[in-house]
Structures are given as C-alpha cells and as structure tokens.
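Consider the two complexes below, in which chain A is the common component and chain B and chain C are the respective partners.
On to the complex of A and B.
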C-alpha cells in the first residue's frame, strides 16, 4: 500500500518558465505588432497611438484604478462562466445578467429608505439586489433547460437581448427609472444614486478610484477556486458535467445542479452589473452593459476552466479597454480599429492556448 | 508450438504479410513485434482476450491506425494504407463489431451508400445482391428496411456491403458476439464460402468453439504479442487456450470457462439452501412504450426470492435495456409496479431506489455506470460521496483510504485510488462498478446487466464470485445477459425475453439449452415443449 500512497498524490507543481507562460506573451506581442501596423497604415502616427495607450493604462494612478475596476466586471462574469462550465454549461448571457443586475441595483439604491441605512447596508443592499436579479435571470435558462431541454447557449444569449432592452425600457420610461422630465432635453437615464449607496473607495481619494469591489472580487475568486477543487459541490458539478446520466444514477440531482450552476453564474453577472453601477457609473443609462458581458465571456473561455486564468484574462481586457478608449480619444485611432486589434489579441491567445495544450500532451 | 503449415498452403503466396509490426498509444504498446501472414483461401482466426491487441491489429490492416514500427506487404508490395478508403481501394473490407447502417433506409440503399456517385442504380444493385445471396448463402430482401431486420440480418447487410466490393481480404471483428446460436452457425458457413472463393478471411474472436469449427490457422495474441500460432487449431486447442490466458484450463472457474467455450456448462447450482422463499423483488405487469408508442417491454411479471439468482435471457434489444432502466429509476414505466419486499418502488428516482437497497450494474458501463473523467475513488463512492464531507468540504484522504481498501477487497487493479477511471482496463472498471453497487449498506437486490461483457477470463470469474457471494448472503439477484452459457452456469432460473415479452421460463439446466435458444428466437414455450415432446 505504500507504493500506492506515493503515486496517489500529485507531485507538487514547481514554478518554471514554461511555454504556458511565454507563448501567450508572445501571442499578445505578435497581435499588438499587427495592430500597430494597421494603425500606421491608416496614417495615425504610431508613436502617438502607443503613448495614448500607455497613458490610458498605466499613465496615472487614475487610469490604473479605472482599468482594474473594469477588470473586476470582466473577472466576475468570467468566474461565473468557469463555474457553470464545470457542469458543462455554457453561459453566454453575461450581458443580460449585467443589465438586470444594474437595473435592480439602481432601483434599490434610488429607494428613499435605503440610503439612510447604517453599517454599509446602503450599498450592500443594492449590490445584493443585483446578485439576486442576475441569479434569477440565469435560473430562467436553467429551468428552460430542465423542463424543455432548451440549449442554454441559445436561451442565455436570447435572455441577454431581453435584459438589454429591458434596461432601455427602464431608462426611457418615466414610470420606471427615468429621472423626472423637467424639459424635452432630459436625457433618457436614471437619477444619480445617492452618495451613501455608492461603493466606498479603498483610499477615499477620487484620483485613485479603486473601490471595494476589488476585495469582494478577490474573496469570490478564492471561494470559487476552493468550491471547484475542494468541496463536494465542485465534485457534483464535475460529475454532472462529465456524465449527467451516470451522475443522476448515482443520486446527484441533475436539475438542482443545473439550476445552481446557471443561477450562480447569473448572480456573478448581476454582481458585476451592480458594481459597475454603484462603483463607477452612478446613473443607469442606455448602453450601460456596453459589451462587458461578452468580454467577460471571452475571459472565461480563454481561461479554460482556471480561476487564475480568468483573473489574468480579465486584467488584460480591463487594461486593453482603458488603453483603447484613450487611443480613440487622444490619438484618434478609429473605434473600429481598436476593436479589431482587441479581436486579434483574443484570436492569437486562443491559438496560443491550443498550442500549449498540444505541447503539454507531448 | 508453431506447427508448420501443410504443403498446400505453404506454396501459396501470402496476400498480406505483417512484419514485426509495433503500435504504441502513448507509452502503452498495444502491439509489439507482431508478424503474421494471411493467405488467399484461408480462414485465419485471431484469438485473444480483451485488450490483447486484436482490434488494434484490425485497425492497422484497415488503415485506421498506422504502425510505429515494422512493415506490411500486400501482394508482395509495401503497403501503408492512408485510411480506410485506401484499404478498401486495395480490396480490404472489414465488418466492425458495431454496425453502421441507416435504420430507416432499405437494404439496397444502405449497400449503395458511399459507393455510387450521381445516379443510383438500384436495380443493378438488387441483382448483385441476389447473386451474392446464391453464392454465399446470404438471403436478404433488398427492399426491406434495416429497422425491421433482426440483428443477424443486419449483420448480413454489413457483410454484403463488403462482399459487393469484391474484396480479396475480408476482416470480421468479433462478429458473433451479438448473434443467436443458429445465426452463428450460418455466419461461419458464410465465412467458409467466402474463403473457398479464394479470398482471405480474418476472424477475430475470443470464443474457442468457433475456432475449433472453422479456423484453418490461428494466431494467439496476449498483451500485444504473438504468443502462439497453429495450423492445426482443432488439435492444439488446449495449448492455444493456455497461451491466451497464460494459465491452466483446469484452474479456471468452471462457469467462466464455459462462457469461453472451453468446458461444458456446469449444472448450475450447488447449494440452494440460501434461497429463502421470501419475495424480495416483485415486478408486476411492467410495460414500457417509447415516445413513438412502440411497446418495448410488454407486461413483464417476475418475482425474485431472497438468495435467488434469476437470469433474463434474450438477444440484445428485446427489452432488456428498458427493464434495467426502469428498475434503476432512469426510465418511467408506462404501466406496472415494482416492489422490494413491502416497499413500493414504482416511479422512484435513482437516489431513492439506491436508498431502498437495489444495486444496479448497468449494461452500458460508460454511459450509466461511471464518470470516466473522474478518479477511481470518486467513482467507487459516486453514490455515497455525502459520507465523505465535512461542512461541504470533501475529505479526500478518507475517500482515498476507503477506496484503496475497496480496491484490495475487489481486486481492482489501478495505479491508485486517484487514478483517472478511464485509465483502468474494462475488467477493472467493471469490478469497481460492481464493488460500488454490491457494497451498498442495505443491499437486498442486485440487478446486473451484461456484467461480464468485454471482460477477460479472470475478471469474469471474479464477477461471478461476487455475485454468488451476494446471493449466499440472501441478496436477490436479477442477472440480465445475452450469453446463454453465463446464465446457465450462474443462475437458478431463467426467463427469456423476446420483443419485450417473457416467452417462457425454466430452470437453468444445460439440458434445456435448445428450448431456451428457441424461445430466444421467438418461439413460445408451449410450442417449444410441443416440439420436444413430439
């Protein structure tokens, strides 16, 4: 039995500069080079573009904090994707989950009673409302899957459109969340949420607007990593994902597992929406989710099931988006081209992941 | 042994020769240094247990895999098929274990599939079919739909699909596994006719009765190596068996030996004192209709007493899968009720059925019995994982320790309890599934479906031992099997399923083999007995 014990344990991983690290870096560099070539082609001075990008990402304390805040939303959606994916479910509904999370958080934050609550409940309650709304949004897809066998890729995607248009309706209709129309020039957006309901900043200094969402996301990352690797819940998700029939035969409820997985993924999307609203945007506007759900989905996909992978991808996307916005504003690189470059990076990263997988199999 | 072949075959130029072929999958050598020659006009049997490399060998010849070492020559010319299409082009045809037919198309259409381009010439094809039917004894209605055909007839379609290409080398991978006794005899007859027409026939099997009857030459594989060859197989049969299983025929479990065809079936059971006349499992009028309204199981009524082993015989696809699925809670019955002792189990979920004390060894191990991507330990305790948690955290070390104890008790061989389930051999996987189900704390009834399929002799014997031990403890056992010999030597009583109905029941007496065979083919018991008396 001793031989058995020795081989039963996995060898402790040792850090080493492996292709798993080098290849993605090379891939991003390669994509960036092509991007710079494209920028040069349309006649924008490459130096200006690079300067604007750097300025937008790490040029100031503000830009660093703003980039990290963006990354948090991507990471939360990505964690949800990884969690559901463990049960072989593909949640592509982050966009709608963010939207309904934002709506719920706004509605609760604008309720007159909430802003007076003590002990941080003023921002915690709207945050939880976002989580619940997102979870319900995800659970709808789960119930459709269990009752009618609807593929969750279809249902979560379509529910995203519904969520996004629901948000549009909310900010267009004075009966819902649109701020009182004082003139015909009143924008279709909500009132700004009360000061007490905004997320506290970690430093209290607006020039470094990193908010409390960061520690929350870190705790969630740890919890999810532990749940997936160390708990019976993680094992059940895996069993259902790998073989739902055998799992069911062994008494693991398929329905409950699917509902849990999609509701948790939705709840994380809803939390992302709530944090975006309570921590940065403060007013709910049309276009609030602005593709964060889909970028978060890509972060989850690229991570291939790993929580640290999600964090890395989310940070990359967060900084890239900040830099991209600055390139548009300062260096006047067309928006479309910024999106093209981001797409290039995603594709080369996906290729790198494939390459690493083959390499490690050898 | 390597008896030199007779004068008449020695002079014949080999059709296909394999020279020191080696094939590895990762670090595992599926075939090492295998050499053999296939000659026109001969039936060459490849004998070996599961995992000996038989299928790999076929796949190399048919171009599915490529060898890592060695060379093949076809008609004396170096031969390296780039894929099945290339092999077919050279005149090598193969009938796989699993059929690839389109069920709602006719025989002609299935034969034409993938053969013709542009306009289909059904009439010409039907004429060809007719000629093959006469030449080889393969009668088929060209316009019949595949779904209306029996398994034996479907296999005939597969064979015709190959023969119509006029192959010079004809490979059959375990073709008899799904056939009735009569159909097996007919198939062997077809093989002989094909060989007499100057083609080489390769017959892969692990059944010795077939080899005795038909083989001109035999190559025995064990662990990917050629361990014996013989040009006079009928005379060398004992030696061939010893080579195949690396052991003594006499030391074999008599039931396991009979399933292999090595020994006459032993008269079923020993000591019947364990059977208590207390009904454990009661199945009343169980009927299953599928979504198309087809009756899959028809008014199935059966009682299994404590300590009794009841066998369910029948050719596969006659309602056995539905019976097991309903008993395990995976499928809802249209009508009928199930009781275990006093408790009614009709319509309960799998979890409740397990809790009530029914263990299930499902026929499809991979689809229903285990999660191959998880570890051995997780699979052994898949239905009892809750016992290994504290505050929701998995007590992995306790799980592994218990699983290691189970591995020892049930002789499950693996790298360790943490080994991925898919890395285990089929026999060890089955032993693990059996271990899980048979150690249920309150086991009163065990439903085992095709529990020895694909296992080697040692594993088969182990499975029988565990089943018998459970029955001696008073567990009621329902053994569903398409291997009649298995049922005859393990069960106390046999019922025969045909098209979802019980055609009859009798004691598991080897003397009744022919009656049971007739019932399996759809003759009602009264009719069968009438014939017997006449």
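On to the complex of A and C.
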C-alpha cells in the first residue's frame, strides 16, 4: 500500500492515487472484462465487437458529437444527484424528470407564439419550461419528505413511473401533444418542433451536431462545483446532510434546504430532457427518456460527490452507450450488455464503499 | 355494472395483486428485520426469466418454478452480503442489482429466444377450490386461480403466525427495532437479517414465476415493469403489518384491473391514466394518506457491533 502511495506521489504530487479514484477505475475495468467475456460467450468474435464499439464511439465526427450530446444529459442528471446527495438526499427520479422536461419543452416549442420570438427566446423559453417542469417534479418529492417523512427514494421512483406514463399519455392523445391524426397510421408522436426552437448547432453543420447544450452544461458544472465547495449554500446543504437537527439549531431551514436540493436536482433532469428534445430529437416520442435517467443516476453514484467525477462517468457512459448501439447494429451484440456492465459497476462500488472509507482514513 | 362483470373485475384484481402479495410479504419480513431490498424488482425479474426458461426447456412448469426459486437465491444472497457484511448503501446496491438483472435477463433472452420471439411457454395450472368455486357466477370468475395464489395465501398466513406467536417472529422484529439488544441477548443480528433477505428472495421468486409462467405464459423483456417497487410501496402503505400490506396489494391489484374493466364498461378514460393509477395510488399512499409512517427503527441501516 505504501508503495502505491509513493508511486502516486512521485508521479504527480498533487494528484495522489487515492482509493476514491482507484476503486472506480478498477470497478469499470472489472466490469468491462466481464463484458468482454460475455461477448465471447455469445459467440461474437471479440475483435469484431470491439471494432464496432470503437467505430460507434469515435469512428466519425457524427458519432463523437452524438456521444457527447448523450453524455451531457447523463452529466446533468448526475450533477443533480450529487447536489441533492450533499444534503443526504437520494434522487433516483431522473427518468421521470427527463420525461416531464421533454414534455414541457415540446409543449412550449409547439406553441404558435414562441417560434417568432427574437433574441434566441424561441429556444430559451422551451428550455426553461423543461427546467421548471423538472424542478416541480422534484419538489413534489421534497414536499412529501417534509410533510409526511416519505423516503425520497421511493417517492422519486414512483414519480418516475408516473412521469414516463405521462409522456405516453401526451403522445397518445390528440388533445395533448399528439400530432393531428390524418389516418389510422399516424404515429403516436408530437409534431416536429419549429426550426427556430431547435438549439443552435455550435458548428452549424449537421454532420457534427454538437449544440449549445455543451457550453450550457459546462457553465452549470462550474457553478455547481463552486456552489458546493465555496458558498454558504453548499455549506447549508452539507450541514443538513450531516445533521438536520443541528443544522436547524444553527438557523438553517431543513424544509427550505430539502426543497431547494430536490427541486434543483429535478430541474437539472428537466433541462436534460429539454436539451435532448430541442437539440437532437425534435419530436416527442414515447420512451425518449428510456434509460437516460438511470445512466445519469449511475454517473452521479460513481462520482462519489465530485463534479469532475460526474463528468468523467457521464463521458464514459455516453461513449459506452453509443458504442453499445453500434455493437448491436454491426456485430449483433445486444445493447443489454452495456446495461450488465453498468449494473456490475454500481454493485462493485456499493460493495467497496466501506473499504474506500477505511482506506482513505488511514 | 352487472354481477358477471363485477365478478370478472374481482377475479382479475386478485390475479393482478398476486405477485405484489407474494413479493410484498417477503419484503415486509425483511424490512421488519431492518433490511430494505430495493432489489425485489430484480429478484422478481430473475425468477420470471429463469422459471420461463426452465418451463420452456423441460416442458414442465413445475420444474420451471423450481428453477426460478433456485435462480433467485444467489441474487438474494448477493443483496444480503452487500447490505449486511459489506454494509453497503442498501438503496444503491439494490438498484445496482436491478440494473444488472435487467441487462442480464434481456441479454440471455435474446440469446435463447431471439429478438422477436413470442414463444408460448407451458404455464402453471389453475385450480378451483371446492365450495367457494361452486358459487354461481362468482365461483369460477373469482376463485378459479393459478394454484400459486393459494400456496401464497397459505404462506402469508404462516408468515403472520410466525411473526406473531413465535420467538423467531420476536427476533425478527427486535433485529429491526433494537439490534443492539438482540446482539446482547446472544443472537446474531447478521444471521437473522441474512435469513430474512433470503426469505424475501424466496417470496419474490414465487412472485416472478407467477408473472411469467403463472399469468401470461411467456416472458417479455423487463416484464416486472416496477412491480417490485409497488410491492415496497405496499409495505409502507400497510404500515409494516401483514394485514395492511395485503390490503394495499389488493388495492393496487384492483387499480391495475380497472385498466381492462373500465373500457369494457364503455367508460372513456385515457388508457395512460389507468396504467398510471397504481403508481399514483402508491405515491399518495406513501405520501401521507396513511398518516405518519411507522418504519422499523433501523430500516436501511447496516448493523455494526
């Protein structure tokens, strides 16, 4: 163990190889190895699968941009998880928050008045609508926690299911967001949002579809990192997380902190949904949020409270998903393999938490 | 509503409540001892898959059921090790298991059956109990159910008796409420909690098997669709009591049955709202409709000597 510390120090004095960093890397490596084993077991040549995987992640400008866009959604949900977790709250409702964010963004974007607005308001308003919807969705869990002591894990989970079915309802019902039914073959989806409400692309080129969600996410990352480490607000979250009673004695409102934390986490989920819709998908479809909430949650879990950690994990999963999708199309390895790998990572890290803590204390 | 329709509604409420009942009672026992199993969902899915494959491969649903029960035990053991020995966060580890199982069963299903299979799988038989089953109109529609339900009812009654009248029941309750006292008395809290998680796994395996080979005689990817979480909500709704949990499960079952019943009555309610209804009810239930919650004192906290 000392040898490890020494090499870490020798290589980079400020960036010591800490267990909190080493263990997640080891967990990802372990899970990836099992993934490779499963590919071999399925009978697909491992080389072909890896080639397809790499092609899907960094094989073209398009796949890189698509992977990054995916990572942005994961990262936003992950940031929200880390923020709420600072107050010892576990937000597992990302899936539903993304769904309601996407619904609200679509509804506002399709409103006839919005597309004509100047100064970028045409896409800013739908985006904000997504944030507000997600924040309200998160706040429901907060209010239940304060009023009835309901564990937010179970409430955010149930709200997730409700959000996902709400999405289904919106795209099934012509009275809501379904596009006008011209025939019985009309798909259950919304109209495409107007051109003006789509997020501007950074390069203006659809072969490299990075949109302004990227700079927005970077700004949010910086803001959250600063809030958590340098502001009174961050201190309040931590105080409530460590000991709500003591925090209350010190004049920090438990109720307000919980509402802020869960609404902020929900708002970030809502923003993720809005960005996915306004930046990539353009039409609201059933299941558009599928899996995104859980990937973001896992990114947040992996990060162990660090914003940089969320970014690293979100990028990992963003590229992994893209690679996984390409693996399914080209090498016929089901994307479920990526889900298996993620599950293994979460379980390994959950099981290793005790060791990380003991090790760090030494 | 005619009597016939009412009988059908009652029967399908009970049928749809069955997996929740089985899983919910197991989860309740585990929570009484202080362990929250978010992995009930994953355990059910494991068994739904394993029993379907077992029944399909051997042609015998009974062997399928056995394989389902056996397949869940390693999953339950994993949860028990994580939440007791490794003292992991029970929520995180449970969700991790659910993700893993969803991925693994989907992957294995694709490999065995192919992507678009609608394989018909031999299922468990129904029985009609004497007397009750002979009631005109009500009898066949309400009481002719898969025998797993009747086994489940027997297990639930047995569980209630054990919890109430035996020293095992007392030890389980104490392990959740006063683990330190249990430890001082010479019993092992860890051992009690391991046992309860494995029992929850056993009940969840019956629930999962009911979903696939009991109810619809096929397996679909991710077919539990949150039933495990509903089971957990029913425990909270039922205030950690057998009777309350059973009632909560029946309520969720009835809410699910409305999906099929209301359209049949010509009531025009959006389908999505009906699908959402059990989750909505569960949310209202955990959100204070039942008053202040009375969770076991150390629920979710790993025990440390």
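By our rule, the second predicted complex is superposed on the first by the 315 of 362 C-alpha atoms of A that agree within 3 Å, B and C clash if a C-alpha of one lies under 4 Å from a C-alpha of the other, contacts with A are read in each partner's own complex, and residues count from 1 in each chain.
Throughout what follows, a contact is a pair of C-beta atoms (placed from the backbone, for glycine too) under 8 Å apart; a residue touches a chain by one contact, two chains touch by 3 or more.
On a predicted model such as this, the values are computed, not experimentally measured, just so you know.
Between chain B (first) and chain C (second), which does A:42 come into contact with in this model arrangement: first, second, both, or neither?
Touch partner of A:42: chain C, not chain B.
Quick check for you: in the superposed arrangement, does A:154 touch first (chain B), second (chain C), both or neither?
Second partner only, chain C.
Answer with first, second, both or neither: which of chain B and chain C does A:298 touch in the superposed model?
Second partner only, chain C.
Go through the superposed model and pick first if A:232 touches only chain B, second if only chain C, both, or neither.
In the superposed model, A:232 contacts chain B only, not chain C.
Between chain B and chain C, point out the one touching more chain A residues.
For chain A, the partner with the higher number of touched residues is C.
Figure out whether A:246 sits in contact with chain B (first) or chain C (second), or with both, or with neither.
In the superposed model, A:246 contacts chain B only, not chain C.
If you stack the two complexes on chain A, which partner ends up touching A:339: first (chain B), second (chain C), both, or neither?
second
So in the complex, which bits of chain A are touching chain C?
38, 42, 90, 92, 144, 147-151, 153-155, 157-159, 161-162, 165-166, 168-169, 172-173, 294, 297-298, 301, 334, 336-347, 349-354
Which bits of chain A are touching chain B when the two form their complex?
Going by the criterion above, the answer is residues 1, 4-5, 7-10, 230-236, 238-239, 242-243, 245-253.
In their shared complex, at which residues does chain B touch chain A?
Against chain A, chain B makes touches at 328-330, 349-351, 354-355, 360, 362, 367-374, 378, 382-383, 385-386, 388-389, 392-394, 396, 400, 404, 408, 415-418.
Show which residues of chain C lie in contact with chain A when the two form their complex.
Touch residues, chain C against chain A: 38, 78, 81-82, 86-89, 91-93, 95-104, 106-107, 110-111, 226, 229, 232-233, 236, 270-273, 275-276, 279-280, 282-283, 286-288, 292-293.
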